[in-house]
């Protein structure tokens, strides 16, 4: 692959990466507890585990982003424990990282992003853009990539292309060990496949690939070896060919949770007791009607256009789509957080298009935003104060011109008990920011359902939660639906959509691409719609 | 280092900050060739009114150990504290709503002008200030006018921010300069006192005066008004829906908006309250001291309010104590300049050092200093 | 105002033009400081304090030797810039609070030292030709533009201001970029201060910065954080300073609605009013560097 491999020690070394006894303590969380990770040179190594198992922390330590409290790190059998202090050191050691969150810088061009931190210069500190472009072109040709405009701003690329550019960026720096943190989390199935094929190609060219995932299919189909993390510990290590989904799942979940359905089983279990019967035929009163909706993104480009949809009372409608197809903005427009360019929104037949957020809430619309720490909770306020948010003028909630602190605390405590929110020390007076992600999400869900809304718009309500916390959220939703609530569920987790939706609307390229009814919930059907391969053959949502 | 020790250190931080500020001032004076100890002792005496040695005035009180308390100096110190409490509260309430109001100077100036104009109502003798309005009407309407003027002046900045995204730090600074210039114009033109050479308004009616509580000093019932303000703001912030909304908007604007809170309205209201407090500070200055609007009526109280609010931890009670310190310091510095020739701007240096000590969130190798996120967050 | 070239003296418009350039020069220099700092992600309202510190140091050290004064002023700017970088980056202080503290410190310290060491306020300094500063103010934006766009340092600086975590992941030392940028920013602002005392007034008065640091920052926003745009913004505000001066020295007497519009106090507020007006008209559409002023965890 690249010529910059340290040749002499590499010949004897079998392990590209060897991490021993890595520990990392965060306030209140032992993220890594004496973790061992061994990665054979030239392998395709998967690291799996539930959310919060410590996968990202571990790769962060390997990439020099986070300092471990203890443990040893060997790269190509050279002890780099002391020298690996920053990403720059990791890059120097031949490591490249494709991260989910801290990826390309949108305002910079593709070329600038690629060379950032490793700029070829002429004397005086000026960047030699010609040489840079040549070097990148070389990599592009080696990988056989197409349609990459080096001058375009990174923000204009699709997520799949951005990830390819990230790989390009790593290779340009001479990386022989590639780390990928959940690379397919926001990709459509076909795009994921393309990415893995690219990674396999790299491995055949001599690279070592390490990737984090929680999709067992990706482990079984592509990896050569796999390490399982649970609760910050490395609990198992397998050659992929010598293990099975079931074993991996058991290791990931721990023995006590074996009874929970696996991600694969979730699909087949869609008719089991966990899901409920669709209620569409029993009640045909539309709770939400939207017609001809369109809106712009923050950058004034089209977020979505010509969206028509209906949600019946007591129905759960899922919205799927590759990230950035407009589903988040659609939720925001329906909740009143974002302004629609045009179109009509009706709740129970009443036109709310021009209503403020507050008026929509009064008309029975409730909203769980995607970004819970920014748009959902106020981390510096207490749990009780967060419950009060939005009802601070409502006397029945302890609000009013003067607050009734006793009542506010009482109400909060009763919700905490009912929704099984584990606040830890301090109870309702604990700062909401100190709660775990799952408990924060439960808090948000409980608040959204507090006023018995007619329609709940939930955006990625279980993102980043472990299975148990996600189940608890599903349970709350089902209970509320039994009482007549309608739910619009925006999620990038297809398993989740399959499990709890009555039907799924798929968005592609800022429009509704089609709709899938419950009997058609299959990966390839939805995948085709998400990537625009198939048009909209199914029943249109609008009438 | 365990958590209770670090919590204690965090609690004592304001005291350390003040000590560091005073030490640096001492060092600066010594390095510049002044007698630092002499200056600091002069500063201390003039701040508190505590002197060693002989009695000075008839109002003084003898203390054991050959010391005495000068009521006049103490009263002068307390009179400096009064506007600082108001401007400190003003900055604090703005910051609680996430708005950095550094326009207290301008709001105080327009407040003082409004008070001076309304204070002239019903005047019958322009040289003695005899007036025809009853005190119980005149004082409230004078204060109300100042509050309204200051509130509107600050309200502009909040309005620009919510409607057009203009950062309040820039707009309030510009409004300071504009207020100062407009008031100078009015004091030299339309509102000028015709019988005086100075740039000042006519005398206010005595029905709008605060009479001094210590003869000859500037100390008046304004201080009690300020104390009432502290209590009122504490109640608003902690016990009312409005205070809750202000805190929610300040600490989580997006979450508050998403939950349906009227973010723009809350910001404008908070800024109006903030400006009103500064406006009242200006009113108290003219009602208690000058009895008319004069040039530079706001002194540096507006800017001092920033240090007061930050040292007071943005809490009403904290502002009270912090105003005590900075008010005494500024009074002490004026006397010190007269007695020892050390420039009184040393007080400003103390302020800046205190702000830095309070504002630091993290000192690299010593983890327990890692301060909790303060409310004083504002970007752009 | 500095002496206007004599051949232009006859023409009011030409005088206005020159006055605009000279009034804008300190704003441009300070605005370049603002661009460097803010593009690297650090809000810098400390420009005001750096200007006054530069003005005082220039006057104090440069009483007989202008060049030495300028060098000393730049050195003080460097120190204050470094201090702002340290407070905001290493000790994680809120950028606005740190800026205010530095402004207060600079105001207090210059006043203190001016009384101690510079008691005669009316003194005429040898100074430095204002044309030198004007030239610098016209060239510097171009240099900064080229550096930001085409140099390694510039690319890293921009990346640090947009997405510091991404920059760090790419192996860039964000801390280093910001320290350098903010320190340079202090030097630029101090140069603006040196112009005020050494180039223009040839003396020092403690209120001579008069909000120019804040106006420079407004020029940066007005110019959408681009060095050439910020220069245009500074020229725009400089025009109103010049207009104000030209109207004050002109014999025209404007009275309307009982107000003397060309009285000094009214004209003095012109630049500040225009600053607010400009911000209102442009800010909604200007997009700051993505992480400007953001607090970072460790």
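Labels A, B and C are assigned to the chains in the order they are written; within every chain, residues are numbered from 1.
Simple rule for what comes next: a contact is a pair of C-beta atoms (placed from the backbone, for glycine too) under 8 Å apart; a residue touches a chain by one contact, two chains touch by 3 or more.
Keep in mind that this is a model prediction, so the values were computed, not measured.
Viewed as a network of touching protein chains, the structure reduces to a complete graph with every chain in contact with every other. Inter-chain contacts peak for the pair B-C, counting C-beta pairs in contact.
Between subunit A and subunit C the centroid-to-centroid distance comes to 44 Å (mean Cα coordinates, whole Å). Subunit B and subunit C have Cα centroids lying 28 Å from one another. Centre-to-centre separation between subunit A and subunit B, using Cα means, comes to 49 Å.
Among the residues of subunit A, none is found touching two or more other chains.
Within subunit B, contacts with two or more other chains are made by residues 373.
Residues of subunit C in contact with two or more other chains: none.
Per the touch definition, subunit B reaches subunit A in the complex via residues 239-242, 244-245, 247-248, 251-252, 254-262, 373, 375.
Touching subunit A in their complex are the following residues of subunit C: 150-153, 155-156, 158-159, 162-163, 165-173, 289-290.
Contacts from subunit B toward subunit C in the complex involve residues 28, 32-33, 100, 102, 160, 164-167, 169-171, 173-175, 177-178, 181-182, 184-185, 188-190, 303, 306-307, 310, 343, 345-349, 351-353, 355-356, 359-364, 373-374, 376-380. Residues 335, 337, 356-358, 360-361, 367, 369, 371, 374-381, 385, 388-390, 392-393, 399-403, 405 of subunit A are the ones touching subunit B in the complex. Chain contact summary for the complex, subunit C toward subunit B: residues 43, 45, 87, 90-98, 100-102, 104-105, 107-109, 111-113, 115-116, 210-211, 214-215, 217-218, 221, 258-260, 263, 265-266, 268-269, 272-273, 275-276, 279-280, 283-284, 288, 292-295, 298.
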